[in-house]
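What follows is a pair of complexes built around chain A, which joins chain B in one and chain C in the other.
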Partner chain A sequence: MADVAASVPARFNPWPATVFVALCILAALFLAPTAGVLLSSVKTTRAIALGDLWSVPERVYLENYVEVLSNPAVHRYFLNTLLVTVPATFASIALGVLAGHVFAKLPFRGSNILFLIVVSGMFFPPQVILVPLFRLFNGLGLIDTLWPIILVHTALGIPICTLLMRNFFAAVPNALREAALIEGANEWQVLTRVSLPLSLPALAVLATLQFTWIWNDFLWPLIFTQSDDKRTIMIGIVNLRGQYTVAWGVQGALSLVASLPTLVIFLFFQRYFIKGMTMGAIKG
Partner chain B sequence: MAQVELRNIRKSFGATEVIRGVDLSIDKGEFVVFVGPSGCGKSTILRLISGLESVSSGQILFDGKDMTRTPPSKRQLAMVFQSYALFPHLTVAENIGFGLSLAKTPKAEITRRVTEVAKTLQLDSLLDRTPRQLSGGQRQRVAIGRSIIRNPKVFLFDEPLSNLDAALRVSMRLEIARLHRELGDVTMIYVTHDQIEAMTLADRIVVLNGGRIEQVGTPMDIYENPANTFVAGFVGAPSMNFIRCRVDTDGAARFGPATISPARPHEVSGDALLGIRPEHLALVESGDGTFDAEIELVERLGAESLVYLRAPFLEKPITVRTGGKLGLSERQAVGVLVDLTNLHVFSPASPAPKPEH
Partner chain C sequence: MESQNRLWRVLLLALPILVFSVLVIWPLLSSFYYSFTNWNGFNRDYEFLGLRNFAKIWTDRLFFNAIVNTTIWMAAALVLPTLTGLFLALLLDRQVRGARIFKTVFYLPICLSAIVVGQIWIWIYQPDWGLLNTFVKLAGNPDFNYAWLARPDSALFAVIVAWSWQQTGLSMVIYLAGLTSIPSEMLEVCEIEGATAWQRIRRVVIPLLTPSTVVVVALSMINSLKGFDILYIMTGGGPFNSSDTLAMHMYNESFKKYLMGYGSAISVVLFLIALTIIGVYFRQLRKVDEIYG
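Up next is the complex of A and B:
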């Protein structure tokens, strides 16, 4: 009997296969644009113009990359983007860390309500504040500088940074803070010497998220800058098109080059990133 | 002058008052242990002394100086937590030297003192490990090391041994006693619910109940002369037996068929509670004792046995502590002899003893 039972094949379960196929299709769909950009970046404009978009070229044409990398305007775009992204990432995380520590460890009357108000900033559509902000910065004489982009990204980053840091700090046992206080630490030392070193995963998550988000932003630089030497890389990609032609190959090359820094940041923080995303989900 | 003085300390959390007027003065070099049931406020008082909680009213004085509003970092005391509260991202050496590095002590000096402290606590081989690589006992020794390195005048211990297993608890208890002896003039305030820790470590025990002090005294004083039924029932394991009785004008207590005259003078008359410790009762042949009872249960603990007896006139079974080897069996009738020199007579209005565990 046992032999007979063992020889009966396990009933075919269609679910894992279906899920696998669906995931493969999704992955292909998500990768297709990147693959398309990669393919067009190594083709001549002529080849692209002939409509030969998806074929693998016989000869890899690297002139597009040479043109992009030797273009002084592109250098300027990169520099501008760095000048916006790095300070805004730092500032928003720093403010989130400070606010998060207060909300997690130093509650005061009404702090929960205030926390909700701060976090609700995440659900604010940027289009709503676009015109008022433009008029504000125009009045301050800051239009066509990088300042408005830095300030707006810092402000828009505060809700998510505060939320994440507050939740992380709340998970740091109170006894650690109390032990540090007894040992003679002030609140700033509690934060910098105890809470922050224990929250590296959260910092890595925020650094990756904020850096990627600000680096890839198109809207705010488009609104606040006008002259070419103030543009960031995402606007720069669009600007590369000629007056009468669209340089697909060059744009493709720049798109790929422009996405490298965010990739590097992600790879750098990846270990912490995964840990941070799943922390608290399981005990341990 | 008292090292630590509490003057009419009160503490409320919202509408609930948890500390209801505590006065206490602790001398320099004294080892004071707070005991009491869960929720009696013993840990809260410790946190008030440390400054981690602020008092609702009252005063806290160190060396005669008002410290009531001084932040914990400026009170110059050390605290050992039940959860150890070691910094998980720092090594043992960094944990021990944490306070010194906050005080910007030179690196060489920190290293020297950490090595010194590690030697006294037998941690020298573990200095480069992180807390997660240590056992419970080692962690608690690191926590103690962190607290002694700054040479504070007052040590606070918040149930430091309750996370350890029984054997380790005994050895750490001895270590804390040794530390107190070696450190000389330091004041230690220790919170525990473990009576053995309280009895063995304390110069003075403070028994707390419901946010108030029930009694303060040396361990033996508390054990032999409990101020009321709460203290009598809380201190000592197994608990003191309480028997409802009537006290005549001549001082003799009557319950059931028995009449006994406590040797110690007392001022209670009318309805009363007679308190007898289990070791002050002896088992004899039926008819030979103060009263007769029936054995309900015998617990053999090896060196001694606990015998639970019942009789129609007893509300609850009473406990007798006797020698280890006994030819006793359940339902056997025995006589009970009461040691008249160690009887306690309480008025029934005195606070209720702790509920049976």
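Up next is the complex of A and C:
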């Protein structure tokens, strides 16, 4: 009898299959909006207007991309965004490394409170500092240049960079630092030769996060720039809406091209990206 | 040694603290100052108004409207992504085939800019050929061409759905991180004791996820309070101010009407709301830390 029971296949469990199907449906729903833009970007305006947006095209129509990529304004927007994003990403991480080292390895009376003040900076709506910063940069004659955007992003990146670097540096054993100090290294060498090489993942996390946020930002370039040749790509999308009012395919292509750098970073460094998001959120 | 440490502290902290103070702390404090003035954004001079800007807040119909909209916006932006994110995390936690691909799909929108997300959803709501109305038409309503974003009744909720689409991945990831800390033995014991799947989730998993919930709730509220770009591109606060939140209202008063003094007063209100959320959040975090270690 026992043999017979064993040979009967295990009772069919419907759960894994149900969950899988449910996830497939949800994933399709989640992808639909992005897929729609992707599809429309390879279609003619006529096809879209005829209500043919959500079907797979018979022939891939690449003129929309040609239009976007040959538009000199788009080149300018891209260049400006790079000129803002790269230095601001670099500077905010550098400042976070400096402050994080002190908070992790050289605590002092009141350093916890100072740390808390710096970190809470990431929770406040940017609207709170909008008007005074506008007045400051207006007074300095820097409105309609890229400088205020770079500077503000550097400053606003300090909280998250300091938080993550402090947590990573705190995990570096004190014995390593002490050994280096006994060998005659100074604090700067401890930071650059001992702590930093051990914290490369933290740098990768911050680089992906900061690059994505700054690239995607809209508010600061909106406030600080006016002329078209100083605008960044996200403002560019809004500006070009007027030029391509019914050219939906071109708008779709532009949105995709503008998202490409952050999409590539996300797909290749997803691990770091998610780690940064959860660490930044949880380790308050 | 200690004197050297002191020197290094000053050397290393000088630059970050200087930048942070000049570009974050000082503007924050002077926002309070400008909220007592009538600065117009261009003239060097301004008058001191005392509390008149704050008195105006109480009579500004649009401010009241913005408070109502912000409450709806924040409440919906809290509930929708949190519940969807929790649901997805619970589904994904059971080693499903292709879990990694699913996670990427649900998480992908978070790396898109709010402007692109807005652009995508403008198309979904497009009255003539948008995805939503295409479905309604297919469902047997061929003349349906409701303009979701152009009607005061639906504009705010339409943007909320777009916003939730983007934010869900974030709460999912935080919940997934929380789920890994629940020991599987505990769930096995429940199963042996005869608890149903629903009982396990309601009585064991969700209570044990409290630390994650605290984080998700606080983060959702803070993020939605900051939310501006997506409203700007999708509705601009309209139609008829029906999707005008505090962040939008502050921008419009300051940079459209150039009432920067009054705009500062609104930003002070925003600051106080954020401060309250953060205060409660930090206290809850400490409480959670005591209970869950």
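Things worth noting here:
The working rule: the second predicted complex is superposed on the first by the 232 of 284 C-alpha atoms of A that agree within 3 Å, B and C clash if a C-alpha of one lies under 4 Å from a C-alpha of the other, contacts with A are read in each partner's own complex, and residues count from 1 in each chain.
One rule holds in what follows: contacts are C-beta pairs under 8 Å (C-beta built on N, C-alpha and C of every residue); 3 or more make two chains touch, one makes a residue touch a chain.
Treat the numbers as computed from the prediction; the structure is a model and nothing was measured.
After alignment on the shared chain A, the placement of chain B and chain C results in a side-by-side fit free of clashes.
Which of chain B and chain C touches more residues of chain A: that partner is C. Between chain B and chain C, an angle of 100 degrees opens at the CA centre of chain A in the superposed model, to the nearest 10.
By the document's definition of touching, of the two partners only chain B reaches A:Val194; chain C does not.
In the superposition on chain A, contact is made by A:Glu178 with chain B only, not with chain C. Superposition on the common chain A brings chain B within a closest Cα-Cα distance of 5 Å of chain C. Common to the chain B-facing and chain C-facing surfaces of chain A are residues 186. Listing the residues of chain B that touch chain A in their complex gives 50-52, 71-73, 77-79, 81, 83, 85-89, 98-99, 102-103, 146, 150.
Within the complex formed with chain A, the chain C residues making contact are 4-6, 8-9, 12-13, 15-17, 19-20, 22-28, 30-31, 34, 39, 41-42, 88, 91-92, 94, 96-98, 101-102, 104-116, 119-121, 123-124, 128-131, 134, 165, 170, 173-174, 177, 197, 211, 215, 219, 222, 225-226, 228-229, 232-233, 246-247, 250-251, 254-255, 260, 263-264, 266-268, 270-271, 274, 277-278, 281-282, 285.
If you check the complex, the residues on chain A that touch chain C are 15-16, 19-20, 22-23, 26-27, 30-34, 36-37, 40, 48-49, 51-54, 95-96, 98-99, 101-102, 106, 108, 114, 117-118, 120-121, 123-136, 138, 151-152, 154-156, 158, 162, 186-188, 191, 212, 215-219, 222-223, 234, 237-238, 248, 251-252, 255, 258-259, 262-263, 265-267, 270, 273-274, 277-278, 281-282, 284.
Chain A contributes residues 173, 175-176, 178-186, 189, 193-194, 197-198 to its touches with chain B in the complex.
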